[in-house]
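Chain nomenclature is as follows: A, B, C and D, assigned in order of appearance, with residue numbering initiated at 1 for each chain independently.
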């Protein structure tokens, strides 16, 4: 997900209007990163629990380096780099921007310290404030908008990475305490039918989008139906009780190999104590809430569950097409729930589409017809990740508000499960 | 490729006619396996050079076990197993058929010996001959036809696996000597254009096909053009000379990581001696033939070459659609070339479509809409491999004659390259 | 080295005198740990750069847990554990003390935080102060003395582990700035001869020692000579210039395999920039000082150098016997040099014997005749490490003052080199 | 064990006499290798079951290459190499003899085939016969004697490597069928006491020995006693029943880590079926014979058993000294038992000292004082393996007759257990 880059967009308001709006959003976004890091000690911010995750401090530095490197250093002739070594420390994977500190060792960077990174953020924010007071051309604003979206992605990662860190510690600390939720089981999912035919998919228009969401193009859909809610933890307990993790016929070949190698018996962060399952969450260890969407699933698990159910996962185009029937924007980061929430009562509409959990689709992540990556290092790359990953749609309970849209294509490898990833079932009609 | 299973088919001729034809093909196929093994010593037949490959003896035993297990043991009540332990030794991956010897250790099986496996083949062939003399029902014939196709797949693997073994040996032995080919460079590829629109894809009708080739369904194509020939070794030398293996911007992210980890500098089996490239082939070490299609490429390399060329790989549906304009069936195993051959002169048609090299497409290997795997162990599985692999179309110089068709979907992981895998370029129109 | 445990000892002074002396040393030792951690940020204290090393915070917690667990929890009935979870976090390897956090993941422990560990230290220090005001029996004092020595070992590790962390960071920070040393080459080593015969080795008497230093026993020595100084960095540059790292005949078989796998071309922490070697030290990146002892060598390197020199490494008994001719206590931690120092001028005596660098011997680390480990968890174990390691004698520039003695047996695996480990040559006479 | 090289020796008989005797032994030894390979198919002879083991064909080729390379190619000016590529294929580890095929891939060498290797043996044997008819100088005879001893070592390895191969196969084939042995438990071991004092150890005199057996030197022994028989399988079942494999306090730290990583629950080749233990042997799967010495133990297991018994392992010098009281030469290869045999009845002497199983000592494998490896490639090396291994004394049931002596030092890493390795207990007196 950290790889999404932008197609310049959202130019519907006038130039002045756009500039003002983006400046406001920029500094709100920058402030939100600080807010998210606030409950964490400097120690919490430096450690990396696994290769896929990054330390909080690195996220704070990297998002700042993005503005410094792609905007200030390129467009602001009076700008002085805060520290020449920071590019090496905080470049993620932009080959076009030179050598960089290897990802698996991001957790070794005790220097620069958290204080220095906070000073770096302040320095860049000041420079941005000054520069944007004088420059409102589209090239500048396009980078600003891309940087905002980029930082939002890292805000989600910051939280999922902290969860992976806290889950690895014997004390199982809470990022943020929360009241216990009610725990009834959810209602049986209802399927909402859609006709097939030629539909359009992919981004179009003035709003912001990443390059991988286009070009908009026609797709053929066959008649299908989509469950009105996500699969819940209660559903998942049924799958487990029925031997889901012990039945090879339910699994993809690679999935079954992973189950055996990793010893998977439940979703990530679930732990069994004295015969009872509990779950590590951003609020610490908690009972399982059977009515809430199950999260922290790999594609392999989502696919096996669908097979066990006699259903299937939707394609990314089915999901996108169906999403046009709902305005539901589900609980995202602004709700401060920090966990998926029950769907409530059935009402004939698709629920939980843009919040709670990212939903695995059966679509491999591939380029749309006519796709071309943008030029230059900033265009590195959505394209270079288009291999052996799967598309997820929607948004999660820790996706920043305003960051989701129907055409958004999130993507992960089929074995990865440290994000808030779940599923919604589909069937043929 | 070893995972393809069948949809019962080819019932156009009358029952008697079909039975006779299939018996003939069955024993020709069985004989061909013996012929292919003939140049090999018993020692050659027992060793496994790498995990992806299997020993010749194992291929000979496994294809025999397939007939014994799915046909004789299930339908012939008078049949006695040749040896009860052989099911454990020669089951490949059929979870529904019980425990089995692990794939990475197939090369440890010095017992049963090659003699015993030859006796096993004779025993099963006799039983098949007798049983098929009396049974011509469709259920039986469907298994026969599936078994023929299954054995053909293993014939191709037998040869590519022997090449991997011989290439790993210091003496670089030849499977079969051959004369040197002429070595001029090929003509520049010409692009043949196709209109877009709704087309049909996937298998239909009475002929044999695997389950993963259906159901036939409509697909949307955008206007495109396809090169009339495969990319050649001469083209590949240009790519290498231009720094293809040293330029990260040309590569998928996973591909670049693989290039660096594996130290790739050329296709598999190419070796540099004193500044000159040579290639290990089934005829031993040979000079590079610049006019012949390049083979033994990973998807990563095919994709990087396409990007370097300013072109792209075709989708599987573009390839299938375009293939309908040609009857060319290219040199396959019956040609006894054992290597890809130059395309000859341009003639306005697509050349080398069904021979020489399997052609990587940009299509991830996914189920067609409405796909369901067949019931029972014999239906294990095309479905279970539908994850993170890519589709290849056509056939290679070691594909048995009659084994290819337009709808055939071969598939491998993007890093694999011990098959005769190459590419043909496409472009948008 | 973290595994050394004690034989109760040092009871020459009267009971009161011993109690007073040990209390003084105890709190001085406890204070020194705080002093050593003072230049480090909380972030520096939490991260683990490699499996062999531990975070500073862990050292601070573990040495405190040692006093809590082996003294207060066992002998002080009024003592309340600071936190029940800390035993799990800070046990190193004592199987007899229950489950513990795995060593490779010590660097994940952001909680308990550095503040909590400081509070833990204060809590335990207070309890020790109170308890020792009332209890001066030998059993108590023996644990105190053992705990002091144990904490001193961890003080040395704290510094070598911080060096490994700082060396892994792109900014190469300094633990403590220092002036540049003069850089002439040292004088040629002179060999001091010793007669052979039956000698005694191993600890005896009232002073403190670890269990692995006894029982004192007779050993047979053959006539030998020992170099009067350690091998220097200048000597090492000669070895490198002569192809030392490229000549297989100089190396043990396992050593040569390690050189090739790890790509060793110089001692640990040496880096080549533009053809010039520099070294990462506790004072940051520094030029090579040719007159100073070379450090951060594996046994493999020390052994290869000796072979290249036409000499050999001494045995542990030769070293111990020879050491009786000198009172030299070399620069240790109290000198605040934090690096090995030149030997000065030859004076006919063995120099640098108890400071600068630990000296590899050719002796595998084995039990002395009649050795028995002490009973109980506190006696875990020197014995359990007596396999495939080698003995080092002397002390290093970061060994706490008063922690070395002639009979001390330090030990590491032959590939390890993150300690201040060097060598002194021997020869037969 | 494959690394032992020789000190020229056995010159007591006159030159003619020595020459005649060595020629006889040479061709007997060469014939024995053929005999040992006779029960094996060509397939059995090509495969390598694990990195530590080598294929039979490789042993046959390597021992032949040894004579070709160190004798014929160096001393016989008329000799023509059988095949120039064979040196690459069959060099084991002699860096001084040029590049070689890597050990882990010896099992890939289907070419040269077994027939070619048999022809190679015949070619070299003929050349040796002719050359030795004319040359009887000591330099020549020293190489012959070394080559004989070298080939004997490989004869033992050939059998233990075949056992490792057959044990890895589902059919568990027998190398050679054998009658069932009686299965009573052995008598309780009796301890035979020895006084301490200065003793001599190491080889002296005219007989053949390897370089690592000298120089003969004085050693100090403390009073000790040695069990009169080896530890039996019955003893081992008691250890297992008492939780030996589940009790960390019994194990060396590295040993316990190995037990857990490898899941060890019994000696190598023991398998539990329905609650009963059986053992894979050169005669196939067999019941456990409780009276026979336990074999296929690592040092870790031998050491843990000794600790559990309240005893210890002997040192290599204790064993050598004690061995002077017995002429017992125990069952070795000539007995054709191919397995350890019960000790019979106690008779006041040390039994099973030179047969049945190699006996682990507590002595790390280190050079004797004054040890120098011989010059040149033939002197590669005993020295280069003197690191982190342990000495074993005696001989095993598959050691060729006449290959053992009191001063022989076999050596393996502490985790290795595919040889016939067992133990005899010692205690202090």
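Please note the rule applied: a residue touches a chain if its C-beta (ideal position, glycine included) is under 8 Å from a C-beta of that chain, and two chains touch if they have at least 3 such contacts.
Worth saying up front: this structure is predicted, and the values here are computed from it rather than measured.
When the contact pairs of B-D are matched by residue number across A-B, C-D or A-C, over half of them reappear in A-C.
Averaging C-alpha coordinates per chain places the centre of chain A 38 Å away from that of chain B. Between the CA-based centres of chain A and chain C the separation comes to 47 Å, rounded to the whole angstrom.
Taking each chain's centre as the average of its CA atoms, chain B and chain C sit 60 Å apart.
For chain C, the set of residues that touch two or more other chains is empty.
Pairwise, the chains that touch each other are A-B, A-C, B-D, C-D.
Residues 41-47, 49, 57, 85, 88-89, 101, 105, 107-114, 165-166, 168-171, 173 of chain D touch chain B in their complex. If you check the complex, the residues on chain B that touch chain A are 93, 95-96, 198, 217-220, 222, 248-249, 251-256, 299-300, 303, 362-364, 366-367, 369-370, 380-381, 383-388, 413-414, 428.
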